[in-house]
Amino acid sequence: MVYDRMSDQPAFTSGDTYMRVPRVATPEELLAERPDAVIVGAPLDWATTHRPGARFGPRAIRAASNLRRGAYHLDLQVYPFKELRVVDYGDPEIAPGDIERSHAAVKRHVAEVMAAGAVPVVLGGDHSITYPSASAVAEAIGPGKIGVIHFDAHADTADESWGVALSHGTPMRRLVTSGAVPGTNFVQIGLRGYWPPDDVWRWMREQGMRWHTMEEIERDGLSAVLGRALAEVHEHAEAIYLSVDIDVLDPGFAPGTGTPEPGG
Amino acid sequence: MVYDRMSDQPAFTSGDTYMRVPRVATPEELLAERPDAVIVGAPLDWATTHRPGARFGPRAIRAASNLRRGAYHLDLQVYPFKELRVVDYGDPEIAPGDIERSHAAVKRHVAEVMAAGAVPVVLGGDHSITYPSASAVAEAIGPGKIGVIHFDAHADTADESWGVALSHGTPMRRLVTSGAVPGTNFVQIGLRGYWPPDDVWRWMREQGMRWHTMEEIERDGLSAVLGRALAEVHEHAEAIYLSVDIDVLDPGFAPGTGTPEPGG
Amino acid sequence: MVYDRMSDQPAFTSGDTYMRVPRVATPEELLAERPDAVIVGAPLDWATTHRPGARFGPRAIRAASNLRRGAYHLDLQVYPFKELRVVDYGDPEIAPGDIERSHAAVKRHVAEVMAAGAVPVVLGGDHSITYPSASAVAEAIGPGKIGVIHFDAHADTADESWGVALSHGTPMRRLVTSGAVPGTNFVQIGLRGYWPPDDVWRWMREQGMRWHTMEEIERDGLSAVLGRALAEVHEHAEAIYLSVDIDVLDPGFAPGTGTPEPGG
Amino acid sequence: MVYDRMSDQPAFTSGDTYMRVPRVATPEELLAERPDAVIVGAPLDWATTHRPGARFGPRAIRAASNLRRGAYHLDLQVYPFKELRVVDYGDPEIAPGDIERSHAAVKRHVAEVMAAGAVPVVLGGDHSITYPSASAVAEAIGPGKIGVIHFDAHADTADESWGVALSHGTPMRRLVTSGAVPGTNFVQIGLRGYWPPDDVWRWMREQGMRWHTMEEIERDGLSAVLGRALAEVHEHAEAIYLSVDIDVLDPGFAPGTGTPEPGG
Amino acid sequence: MVYDRMSDQPAFTSGDTYMRVPRVATPEELLAERPDAVIVGAPLDWATTHRPGARFGPRAIRAASNLRRGAYHLDLQVYPFKELRVVDYGDPEIAPGDIERSHAAVKRHVAEVMAAGAVPVVLGGDHSITYPSASAVAEAIGPGKIGVIHFDAHADTADESWGVALSHGTPMRRLVTSGAVPGTNFVQIGLRGYWPPDDVWRWMREQGMRWHTMEEIERDGLSAVLGRALAEVHEHAEAIYLSVDIDVLDPGFAPGTGTPEPGG
Amino acid sequence: MVYDRMSDQPAFTSGDTYMRVPRVATPEELLAERPDAVIVGAPLDWATTHRPGARFGPRAIRAASNLRRGAYHLDLQVYPFKELRVVDYGDPEIAPGDIERSHAAVKRHVAEVMAAGAVPVVLGGDHSITYPSASAVAEAIGPGKIGVIHFDAHADTADESWGVALSHGTPMRRLVTSGAVPGTNFVQIGLRGYWPPDDVWRWMREQGMRWHTMEEIERDGLSAVLGRALAEVHEHAEAIYLSVDIDVLDPGFAPGTGTPEPGG
């Protein structure tokens, strides 16, 4: 019935799909489609400590994606959406203001994509979503088997933010402390500025985490740094989870980001 | 196949539905749903003579509509979407920059809704869309049988705008000259300011068109004027086509309108 | 020490004061100042279900307030800040993303103002703050003794929002169900549009809540309605808590509001 | 002919005169044109005490004016630009940051319009421009002979603003103290809010200034108040200078104003 | 003299020519001025397939140009407007919504500049204007004699956009198929991303068109690529038409562009 | 008393502190704190010749600074605010619209910081503030003893701007002509575009001023240029005054700057 259907998700969730690939609505449809890759939205921002708004991210990315019509990549000379079967699994049933339940919904959604044998592509949302999302992937692949390449201005390895353990400043810490991803399997790229404080750096070193600062990129070039990062992550990991925080870019290129850090 | 599907409409068309009512994609599905009312988008603005952007209107209205969750109207004490079966028939196949083909697509889309026995609700787009949309309704109901109640700051009865016959300044003229709606069947509400010039006023009088200016509304009140308008339109018409140009509101309430006219 | 001091509150909290009244930092200072009225910020928005941003509200209101220099009210012919001793007690120690702890901090802050014998003036923040704030006042005055006059487009009497009990849609429900304010002591002004659904209306009637819709205001005038509201609230209450949701205004006057409702 | 000339291109094309009336560049051209009314820009805002930007006012008003193409007023049934010969005399030679020299330039420009026997229409700019502009008119008409009807949220009768005698808060004071316009010849409409303080009110009363607050307009209606204002100003004045500060409107209708005052 | 004239008022004052060079209104005046270069506006955007607004481009460029007061270039140590006689020929008589008539008007305007023996500098407007503008130049210089250096993120060589042959995605195709500019005479710089599809690439290769991708610029540097481009264009052409689409820049530098393509 | 306190500065001045360091209110408190560095605001923009707004600069910088919580710099591995004692001395008593009095207030404020033996960090405000600020430093250090490293798109060495000697285009000229800083002690970095004209360049050469254009930076790299600049400034100066105009950055990174100059 129409009324029930339209009332089941907050207004900021998306009804559109990424690049107009087909929408799948249920785990059964997902399995039946046998997709190579699956788009998932994670429209939540109540784990941010400064400027919110990322709850509108998945909707905005989906709307903007439509401009990439046809999608033949000129340097690669490939039609990605012809080579791969891609569907959009929509947004999970997040609960505005409730981080734990929203994280659980994201994790369940990503786990269903993994169960369908597809690569999940998660559109955020604040960066706290990496904890449930990468956890679901780690559980599907096997404990300690995935590596994380993490593009960000900040390490996101706080133990808590004003007492909140699941904030946008803590996802990488949670992945380590929960056992989903060992510290040795992390390579961070683009760090700069004034975070984290030295006790967090100490903890990161103790875990065997590795990073490449923006200063290193400016000195040696992006290609060299990417080469090092890939070599490092492959020392320990069988599969790679790629996490991109938009604030790795300079705010001149992404003025809406919540915790802008000049110099990306 | 995914590639074909996603490339068939411009990026500014909508993938979402109004208030999350079900989407129907084909005339067959439309007939099968037996709806009471059908949402149609008309995302075109290349018939405007000043500030464009209304092509994003249907997408923006659909996104904003989701906030009306549940939709129990407190004064009327009714659930409109429980009383009526409503579906969204998406956007017709408009062609950016080609007014004639875009109008033909709008007309066809609305005609299909009429054929399904439902009330069309068209989301614009610039006001030129009233010509194809009301024409489709007039053809379905019968020549001379519909009346038009038209809320607007401007009469939209020019014969042409810089030589363009199908501009956003001409739809009411086209409806009259094409025979779809006789001048006697028009009642305009909210006119004010500096348009149209006196030769257009003369033509309007000759056609038997009627109007109520914003000055009349301020003097006598909106209720009184609405009463007069309804009485007038029912003198000649069996059915009413309601046309609302957002610039009937003062620009303070709709700052994005293309041809703002203070005083609404 | 400088470092500790600057790190104890999120960046969106305020360092400035309302209309440049003196800042007081501790409960002891508050008592010593013997103020008539005390400004309190409640910079939280993680209990919103749509557009966030109200966490910047207290800072923005304080900055804008400075324009009211001198503050002689021309119709009242009075200098409010000469007649009354007003201080700004800053923002409580909210925790971004944690509604319960943030509410507890707001409640404690307002309770301290009540203990100082002053009238609290709380700057939000999303409307969920009315629950802790009015609870603190009710506890200080005595159970069942305060009335609430509530200007809003929405009744804010949901039992939960997507399962969240302390959301911006529930504060008036929580005040009733917690016993802080009986339903008979509520008078709501400005309701309109599509919320709440009929089961919530039924609950409101059962509690003896009263309301005046925007339709009533348009028909009878604001003065008449205010007279009725004051008479009603005084039937049961010894003191009045005034709660204003900015969305009681039409979005044309407050375009940044999170859940805009036309017609205020 | 003026009307034809200004109607030949869309409003968004480039053009720098008000409604595309002819530009005149020198006093000699001005005299030769024998205009009825003359547009003058006064692009200065360095006399503001809060949000600047009004220096872009004349350019923005001229650009926006082009939308009023043809300019037949539907309620008045008149083509103002056919009835009156109007030209645009451009902007005087203001000096950014130097109030005195800029005021002198405005005064000289307006005096030249008066010498041409035309009505000056001055586009601001901050409200300080009323001092040089009305002074030029008063000198041309004769001392004590003009009245000022002044629409504004604020009385603009301060003696100085942070020591600055020619600020946007002082023009009416300067007109009185310089002898250009006696206090008895002022009627102010729309005053509200928190300015001026009581010593300024006292001075205004001593000068015989009169005013009508926004509260009076809300109570008695705009028509009644305008009637009173016109009667009052005609008691003493042979000619009327009309001064409109955009902040007389509620900020909902003019969000860019520099010192917003709700309630207009 | 041009330099003195344009430097006599601040940039924010009103004025409608590029850098305040003299305006010429008729072909006769144009010939009489014997200019070296002539500014032409082409304010049309109804040939765009996504975000419109470029119709305001010529006005905005002219307004912004005033800031370059004096215009002594410090690296070149030259006053361009002293070395060259430059005038502004205004905008042609475009027709909003009618691409063909608007293109014809642009072509006629540019042809008149060529007839005056001057270099046209055309301010857009959407990129479709390159078709009429470069056609006028090609006709004046001689068939096959001009080369086009084209800075853009996109090749703009579609055969049609949703059936529209004169869209902003097709001007380079039209120049080739009309015979105005042979494919061999094109050198494109800055291409990247997801357009055009492979059949269009094939057509471009068949025509002998050449291009330098942004990837090549990042690898070899802009100087090297410009050197190659100039060498290539001079193989076939006697004169060069330079075409710059603002979206060749990253959207961080030109956020208002209609079809943003990251990476410029 | 509250009323007096809140009325003594314009609304756009700051009540907050930079990075929440302690506020000091009087010269006596300043001396007592024995700070290493002192923040000073200079909220004035009435010396600008184009887009104003920088008067809100100090308030905005202070609000944004709070995001740098903790402030451990990851590349330097240092807590600047633990190594140095920093306080915020607020804004001097500027007078909106009066450049001379505002400059005098800035100079006095900076002189008090120098008297306290601390390094002043001045937040602007338009660039005219460098004249009073660097003058105060030069007087404290001794005539001819300081050098100025000046990052800017423009040389700011005009003798006057539309007759105004203390504009944002003249501070470096004033420092030289007043004797505060000899021309030989200036090194400018980042110059580009169309200012100043050649007579000003000639004057700069005569004074022995030195500069490094953006073209030089693009050719040789920032590190090399900074090395040259430091060597040059140390030839003559014992202490360095660092002056940064935000327009040295490309407008893509600082879109609000008043006189944007592409290419930084």
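Going in written order, the chains are labelled A, B, C, D, E and F, and every chain counts its residues from 1.
We take it that a contact is a pair of C-beta atoms (placed from the backbone, for glycine too) under 8 Å apart; a residue touches a chain by one contact, two chains touch by 3 or more.
Everything numeric here is computed off the predicted structure, so don't read it as measured data.
> Name the chain whose C-alpha centroid is most distant from the C-alpha centroid of subunit C.
Farthest from subunit C by mean C-alpha position: E.
> Call it same or different for subunit E and subunit F: same when shared residue numbers make up over half of all numbers used at their interface.
Mostly different residues: under half of the interface numbers shared.
> Looking at D-F and C-D, which one has the bigger number of contacting C-beta pairs?
Most contacts of the two pairs: D-F.
> When the centre of a chain is set as the mean of its C-alpha atoms, what distance in Å lies between subunit A and subunit D?
56
> Using Cα averages as centroids, what's the distance between subunit A and subunit C in whole Å?
Distance between chain centres, rounded to whole Å: 37 Å.
> Which whole number of Å gives the spacing of the CA centres of subunit A and subunit F?
Their C-alpha centroids are separated by 41 Å.
> Enumerate the residues of subunit E that touch no fewer than two other chains.
10, 12, 50, 55, 94, 96, 250, 252
> Every touching chain pair, please?
Chain pairs that touch: A-B, A-C, A-E, A-F, B-C, B-D, B-E, C-D, C-F, D-E, D-F, E-F.
> Write out the stretch or stretches of subunit D touching subunit B in their complex.
10-12, 67-75, 77, 79, 250, 252-253, 255
> Give every residue of subunit A touching subunit B within the complex, in rising order.
1-3, 5-7, 11-17, 19-22, 59, 62-63, 66-67, 69-71, 79, 81-82, 85-86
> Applying the document's contact rule, which stretches of subunit D touch subunit C when the two form their complex?
50, 191-198, 201, 213, 215, 250-252, 259-260, 262
> Which subunit A residues qualify as touching subunit C in the complex?
Touching subunit C from subunit A are residues 10-12, 45-53, 55, 94-99, 101, 161-164, 166-167.
> List the residues on subunit E that touch subunit D in their complex, please.
8-10, 12-17, 41, 43, 55-56, 58-59, 62-63, 90-91, 93-94, 96
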